[in-house]
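Input: structures, listed below.
Shared chain: chain A. Partners: chain B in the first complex, chain C in the second.
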Partner chain A sequence: MINLVKQFINKVLKNIFKKKKHLKLGIYGAPNSGKTTLANKICQDWLGEDMGNVSNIAHETREVQIKEQINIKHKGKELSFNLVDTPGIATKIDYEDFIKVGLKQSEAKKRAKEATKGVIDSIKWLDDMDAVVITLDATKDPYSQVNITIVGNLQARKIPVLIVANKIDLKKANIKKIEAAFPQYDVIGISAKYGKNVDKFYEALFVITS
Partner chain B sequence: MLTLQFMAYSEIENLNSSNRIKKILDIVKENKIVLLEGKLKKEEEASLIQATMEEINNKFKGIELSAFDYAKGEEVFINKLRKNFARFLLGHRNGMTIIGPASIVKEIKKDPNKIELLTKDGNKKRSKKR
Partner chain C sequence: MPHQCVVCSTFYDDGAQEILKGCPCGGKLFFYIKKSNIEKAKKITEEAKLTEIDKKQIEQDVRELAGEEDNETPVVLDLEAVKVIKPGKYELDLLHLFKGEPLIFKLEEGKYIVDLIQSFKNLKKEG
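Up next, the complex of A and B:
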C-alpha cells in the first residue's frame, strides 16, 4: 500500500516536472552499435541535419552530444525532447586496437584517452535521463555484460527503456536472440542506416515517454 | 600462467561500494582473474566500469566482466519472494561474477546455459555449464 502511494506521488511529481522542461532522451549502447547513426536518422527526419560523425572505427563519439528541441509528429500525436547521443560504454579500451585499423600511434593513444573519458561521462549522464533508447547490434551477442549493466542501471533508476535491435539489414542479425536476452522489454528491430522500421521505432518512443 | 582467485562474498560484505570496487580492481591489475561469489549491485557494476576507465593506461587495458545467476528459466512467485528475502538478509550472494584483466581475458561468452572464458591466445580455458 505504501509503495502504491509512493509510486502515485512519484508519477504526479514526475508529470509536473516533465511539463516544466523538455524530456531528455538518451541513446545508449556498446561502441559501434549504431547510436550516432540512429541519432542522425532522428535528426535528419525532424531537423534536416546530422547529429555527429559515424565511423567503422570504434569510439567515434567520445563526447556526449545534445540536440535540443526535437519535435516528432506521428499519427496526430506530438513528442518534444532533447536528444542525447552518448559515447559507447565499454569495459576495455586498448589503443593498439586503433593502430590495427590504421591510426598513427599518437592518434590512437589520444583516441583511447578520450574514449575512456567518454565512457565515464556516459555513465554519469544516466542519472539525467528521462527515457533511454538502448541500441544493440543485432549481429552480435546480446548477453554482453555492458548491455546487462546498462539495462540493470536504468531499471534500478526506474527510467523507461526502449531496446532497439539495430543493423537488421545484415544477414547475421538475430532479433529473437535479443528478445530472449531481455524478455521484460519490447524489442524493435530497425536499420538506422537505411531507415528500415523507423516508423515502428517512433511509435514505440511515444509509448515509453507517455 | 593463468591465476584464478576465488573471493568469498564475506570478503566484500562489510565494505562500502568504492572499497569493494577497489579491492576487486587491485587484484585484477595484478593480472589475476577474480571469481566472486555472488554479484555486485547494478550501480556498483557501473561504478566498476567507471573506475576501470580511470585506471586505463598503456599497461592496463581494462577488464572483462560477466555476472550470472544460478537459477534459470521462469521463476514462480514464491521462489522470487524467497530469493528477495534471502537477498535482504544475506546480500547479493546468489550467482557468480567473473572479472578478469582484458590483457588476458579476450571474452566471456554467456548464453542462458553456459559460460565460456576465452583467453587472448584464443584457447578456451574454462567452460562452466549451469
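Up next, the complex of A and C:
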C-alpha cells in the first residue's frame, strides 16, 4: 500500500516537472542546408510569422535565434516546444568566398568573423537541446566532416535526432544517398521552401520528442 | 605548453610573466600551441607573412570572438581549436570544439584560465 502511494506521488511529481520544462528543439546543419527556411516554415505554419532572414550567401544566420512556445497540433496530438535556429557549422570560413558572391572586403571579413563566432555558439548551445533536427542539403554529398561530427556527437550525448533531407524539389536531390549514410536514423525528405512533405516532418517530430 | 606572441612570434612557456602582463613588444594576444605542434605553428606563421595591420586586425577580431573589448588584458587563443590564418580566414576543428574545452583564455593576475564564451553563456542563463 505504501509503495502504491509512493508510486502515485512520484508520478504526480514527475508530471508537474514535465509540464514545467520547455522542450528545446534545435535545428543544426551545415551552412545553406536550409535551417532558417525550415524554421520559417514551422513558425509560419504555427505562429504566422517568420523566424529569420534567408539568403543564398552562406552564413546568413550568425546568431542563435529562439522562438518560444510553438504549439504543433497533429492528428489529435499536441506538442509544445521552443525552437532554436542555429548558425551553420563549418570547418573553414574564408572571407574571399563572400567576396566572390559580391560582398565588399570589409563586409566579407566581418561576416567571416561573425560566422566563426556563430559556429562556436552553435556548438556551445548543443548541451541545452532536448531534441535536434539536422538539416542536410539533399543535393550534396552527405559524407562531410560537418554532418558526421554533428550526428556522432548527438549520438554520444544521447540527444534524439531527426534527419531532414532538404531541397527535394531540386532535380539533383538524392534522399537514398542520405538514408544510406545514416542508416540508424529516420530520414525525412522535404522541401522547406515549398512546404513539400512537411506533414511527415511534423509527424516525425512527435516520434523523436515522445 | 608554449604560447606564441602574435605580434613578434616569440614563444613563452606556461605561466610566463609576459603572458600575464603582455609581451615586451606590446603584443597582448597569444596563440596557445601544443609542444608537438610548434614546428607546424612556426611554419604557418612564416608562410602567412602577416603585416602589422593584419596582426592588429587578428588581435581585434579574436578579442571580439572572446567578447573581450578591453584592449589591455592579454588574451590567448587555442590554435588547436580555432586557427586564424589571416584576418577573415578561419579554420575550425570541430572535434575539439565539440569537446567543450575552452577556446579562448583571458589571463588575469592569479587567475589563469577563464573560458569567456562559457562565462557569457552562464551569465545569459542567470539573467
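Everything that follows uses one rule, which is that the second predicted complex is superposed on the first by the 192 of 210 C-alpha atoms of A that agree within 3 Å, B and C clash if a C-alpha of one lies under 4 Å from a C-alpha of the other, contacts with A are read in each partner's own complex, and residues count from 1 in each chain.
Just so it is clear, a residue touches a chain if its C-beta (ideal position, glycine included) is under 8 Å from a C-beta of that chain, and two chains touch if they have at least 3 such contacts.
These numbers come from a predicted model, not from an experiment.
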Sharing chain A, do chain B and chain C clash or fit in the superposition? clash
Tell me the contact category for A:N153 with respect to chain B and chain C: first, second, both or neither. both
Mind working out whether A:Y143 is in touch with chain B, chain C, both or neither, as first, second, both or neither? first
I'd like to know which partner A:D94 touches here: chain B for first, chain C for second, both or neither. both
Classify the contacts of A:A108 with the two partner chains as first (chain B alone), second (chain C alone), both, or neither. second
So which bit of chain B gets in the way of chain C here: 55-63, 73-81 or 91-99? 55-63
Please identify the positions on chain A that touch both chain B and chain C, taking each partner from its own complex. 89-95, 109, 112, 116-117, 119-120, 123-124, 126, 145-146, 149, 153
Can you name the residues of chain A that touch chain C in the complex? 89-96, 108-109, 112-113, 116-117, 119-121, 123-124, 126-127, 145-146, 149, 153
So in the complex, the part of chain C that touches chain A is made up of which residues? 57, 61, 64-65, 82, 87-95, 97-98, 100, 103, 117-118, 121
Mind pulling up the chain A residues that touch chain B in the complex? 89-95, 109, 112, 116-117, 119-120, 123-124, 126, 141, 143, 145-146, 148-149, 152-153, 155-156, 180
Complex interface listing, chain B residues touching chain A: 41-43, 45-47, 49-50, 52-54, 56, 58, 61-67, 102, 108-112
